[in-house]
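Each of the two complexes below includes chain A, the first together with chain B, the second together with chain C.
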Partner chain A sequence: MNTKRMLSRANLDALIRDLVAAGTVVVAPTHSSGQERTGVTYGQVQSPDEVLLDGPQPIRPLKGVVFPPTEALFRWRQEKSAVKIEEVPTGFKETVVIGARPCDAAGLEVVDCVMGWDFRDELWFGRRQATTVLAMACTTCDESCFCTAVGLSPTSTRGADWFLTPVDGGFEVDVVTPKGEAILDRYKARCPEAGGAAPSRTAGLEQQVRANLDVRPDRIRGWLETHFDDPLWKRVALRCHGCGACAFVCPSCHCFDIVDEPDGAASGTRRRNWDSCQTALFTLHGSGHNPRKDQTARFRQRIMHKFSIYPARFGEVLCTGCGRCVRVCAAGMDLVSILAEIDRAAQGGGEA
Partner chain B sequence: MNLYQPHLVRVEEMVDETIDTRTFKLSFEDAAVAERFDFKAGQFGEYSVFGAGECTFCIASPPTRKGYIEASFKAVGKATRAMRRLNVGDTMGFRGPYGNYFPLDQMMGKNILFIAGGIGLAPVRCVIWNTLDLRDRFRDVTIVYGARSVADLVYKRELEEWAGRSDVILHQCVDPGGETPDWKGDICFVPTLVEKLAPSPHDTYAIVCGPPIMITFTLPLLEKLGFASDHVYTTLENRMKCGLGKCGRCNVGSVYVCKDGPVFTAAQLKTLPPEY
Partner chain C sequence: MQELRELARKLLQEKQVSAILGYEHGRLGTRPAFVTDVADCERLVFDHRCVHNLAAYLSPRRTHIAALGRLAVVVKSCDARAVAGLIRESQIKREDVVLIGVRCGGVVRDAADARPLSADNVAPRCVACEKREPTLADHLVGEPKPAPAGSGSRDARLSEIEAMSAGERLALWMQLLAPCTRCHACRQVCPMCFCERCIAEKTQPTWIETSPHARGNLAWHLTRALHLAGRCVDCGECERACPAQIPLGLLNRKVARVVADRYGYIVADDPSTPTPIGTYQLDDAQEFIQ
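Coming up: the complex of A and B.
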């Protein structure tokens, strides 16, 4: 299991062709809707030419592969006075993700906790089971990346079944899980055992990310647990529009809404859709009472959930430091500087 | 069948409690589900009308009465308005039971003081009937109930029944201005009535449910009367979608109302941030 293997770029292309030919769904960073101007995102590819492993971080996280933005829970049909329910399948097509970012692969494992406690979400785990993640070490980062501040790194293998490290001529392959082993067994010919250690192209990246934000999640959690009413919340949240974009691009945000979509009077689909705690309607009671009545309360919930509540319930930070919420925010909400400020305050210095 | 797929239930009976509050009696269409369905007083469910969506309420009938469940609701949103349009014989959906419950086993042999306001009587009514159906296992049963006006009192037929029972002490009030010429109860707010009655905390559990403003004034009052905060129970009703601890909206701090609640002691409430 621990033997390193080598996957040349030509063999990776061949592997992609093999998988597609075998009927496996292959997901990789690619131009969204085939158009260069719409940016790079994770999407289904049919050929190696569509795969963009050296491009920028995909604009949306990987979670949509396991947790689609909208998904049917069941269908119903009204027949005279009776209602018939049609189940949706919980078996899913085999999917292989190629070139997942470490922050995105880790996100899946972090969300497993909430999807599996007590009640097991078969739709989530059905897709998880069907999906093999071949993650790849990052070769670039930007000033919004902060995975090292939440216990990950550009080379962390969490959530990965294979871990690819870019080296000259291709990738060094670490097989991380039994699921990864199963894929290797099928495509061994594409990945001969590696000769010697090839120089990795990821050197220096970890220090670069650490320079963006160097904080301790346990220290931040300690501060959050005792500063529910801190003036920081209002000051920071004032500029938030409550649009929820941060949640939609987040690898670990998993809140959802359940709605009915009738196709007429007699049938329809109950679906779950991504939702965000940043919108005003999220917690609104039928009576008109809203326990999180302003954006300050809603923004605080987002930070508390990620850095205090989730760690308290599951021992995991609900953030993988991908930095997308920082990049996408129209109002310039900057989680990197907010976490830095909280960490400073937790050490007894600085304003917060 | 995944977690989000409801059981089919049929509307057997409906009663209009007030001008805007209705009670449904629901039976499971699948006999096997009806047979194995069981719950405890205080638990809740997700009720749905196909095409309109789901909404969350407690189960208002007691677990001691098998074969059906009851739900009392006000038409305030899309799903409850659609429920309001249903007729006897129509089919709707139910998922549950979810959440924790009132620890009635622990309360056996003790006095129970029920304090409810408005539609808050619904979850309390489930416990009241559970207690009355096992009457010999509890000591004094006292009910303090109030609403904005006489027209807003729910379960009127049952209030009459409780008033007539020798083994139940019932005190009722309506807000000033909400009385009618023949109103015999008090004219004040629920906390005022509790203060006037000054119930003894000795060997007594209190179960309190009502609008936030009533809870806010009643809990400190009970504390002043000497009730231990772990002998005072209430139920929280945050907005939910899944009821299963996943959709992420009912939490109050690190507590999920759908899984750690909806039933909490006053002692637990004190440790929570004010987000309910």
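Coming up: the complex of A and C.
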């Protein structure tokens, strides 16, 4: 495996047309359509003209492709004293993602751990199986990016089936997985073998990201394990509104709520929807007791889960450093500064 | 700035308050700051990047903030409208809080925007704002500021939408609300969304479905807009916080326009004026009752 190939921009466009013509769902960064404010988002595209590979990071992560914000689990119908359960169709459409950011592609692999842990989530893996990810090296970053602090980089191939590196005239293609080989087999004509190494256009980006945040996740984990009651939590969480926007734009947050939605007196649908540990309702017990009684406890949970609990259970940090939580926060909560502060404290460098 | 910091120091030193809620410069722009130590008053700033409405932190439901004790809060004129709302609706008492009014010449749209204030980056609400300083304040600091640059055509889009047919408007809003994932950031940052239990969280019965599908999203956003009728202070926080970039201000301003037209009521920073929803008058329009 790991065959190097060359995909010219014209051939990428042709590949997109081939895929669409074959009935494959093609998802790529694209302008959000029909909105008052233009933004870039991962969305289904019908033609190469809609694909935006050199724009800013999409405002929402890729996770929605395999884990939709809302989905039906089953339908129920009350028939006299019995409840009848009806399956909902679970055919997963073949999907190819073009131009996924490395942080988004890696997010899928990180979340695989929990989705396949004590219960195999058929919906997650059904869509994962049907989805081929052609990730692309980043060519831009900003002050919120910190992938290098969590073991990734702007050229990290984690979670990618193909990895595209922008070079003059197109992309150098690394075929990373068997799933990537399968797509290559079908569209080999579009991707001739690369003749010699072309200069990449991503140089210098990694240093730029590292300058934002240079910490060691293992050191942070060590500090977290012994500082559940540290005054840091209270101080940092004061400005947090508990809105959960951070979780909803996070490529690795995966918590969901399950609700029953009646559509009449005797039938309805059970659905699962994205949820966030930042809301009070998330842990509110039927008794009225709430074990996470305030935002201090809720914010601590977010950091603990990502940098201590998940790593302890799965050996993976539940964060890919995409920086979206920093960018969207209305209150200026800055995970980059918070992790830097914890890392300093872990080295005995004054107040955390 | 020195005037603000000196006042903050005095309030803390004299134990008039136990914390100052103001603004500081973070790594990426301004952000809310909670100052409890006199030495930290140096951190306090006020400039055109102080976009946040700090009144949201005064909700008695925010127990971790209430635990700080009596607060002094830095308020622009728009923020003061929210404080007045909280007092009017019996969430806080006037004497519970010390208000440090700041003279304001408008703020930028995005707190991370480091450019000087101009017609290009001014927050839309500031363009039409005529109040350079709050009336509801215990102290007033800062030099008088000019009105921000920008054209006053802020509601042109609203008028365009009003001119559409009902069917076109419904189609437009279904499209605009489609990216909503129901994170409820709009509610959490809103100083006037302080219900102990939001109707969106009630399940017996489920009035508003929490699923981010077309039905749930429409029910949520319309209910929220109506619940803010005559209460929304037009601080723009819901729209700023929305990670899906939904133009929620359009909905709120439409409702405000209806309240102004029918009841002659415009939300101001005067806590003693009752809201239309909280009062009854014999000559209230009632032609819709048939």
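Here is the rule we go by: the second predicted complex is superposed on the first by the 343 of 352 C-alpha atoms of A that agree within 3 Å, B and C clash if a C-alpha of one lies under 4 Å from a C-alpha of the other, contacts with A are read in each partner's own complex, and residues count from 1 in each chain.
Just so it is clear, a contact is a pair of C-beta atoms (placed from the backbone, for glycine too) under 8 Å apart; a residue touches a chain by one contact, two chains touch by 3 or more.
Just so it is clear, the structure is predicted and the values come from calculations on it, not from any experiment.
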Should A:309 be classified as contacting the first partner (chain B), the second (chain C), both, or neither?
first
Taking the superposition on A as described, I'd like to know which of chain B and chain C A:115 touches: first, second, both or neither.
first
Just checking: does A:257 make contact with chain B only, chain C only, both, or neither of them? Give me first, second, both or neither.
both
Would you sort A:167 into first (chain B), second (chain C), both or neither based on which partner it touches?
neither
On the A-aligned overlay, A:337 touches which partner chain: chain B = first, chain C = second, or both, or neither?
second
Scan A:65 for contacts with chain B and chain C and give back first, second, both or neither.
neither
Please work out whether A:285 is in contact with chain B alone, chain C alone, both, or neither, and reply first, second, both or neither.
first
Chain B and chain C contact sites that coincide on chain A, given as residue numbers
257, 259, 262
Of all residues in chain A, those that touch chain C in their complex:
32, 34-37, 39, 41, 59-60, 69-70, 143-144, 234-235, 237-239, 241-245, 247-249, 257, 259, 261-262, 271, 273-274, 276, 279, 281, 293-296, 326, 328, 330-334, 336-337
Residues of chain A that touch chain B when the two form their complex
73-74, 76, 78, 81-83, 85, 87-88, 90, 114-115, 117-123, 228, 254-260, 262, 265, 268, 270, 272, 275, 277, 282-287, 289, 291-292, 297, 301, 304-305, 308-309, 312-313
Write out the stretch or stretches of chain B touching chain A in their complex.
1-6, 8, 48, 50-55, 74, 76-77, 80, 89-91, 93, 211-212, 237-239, 241-242, 244-249, 251-254, 259, 273-276
What residues on chain C touch chain A, complex-wise?
26-34, 52, 56-57, 62-65, 68, 111, 157, 175-176, 179, 181-185, 187-189, 201, 203, 206, 209-213, 216, 237, 240-247, 250
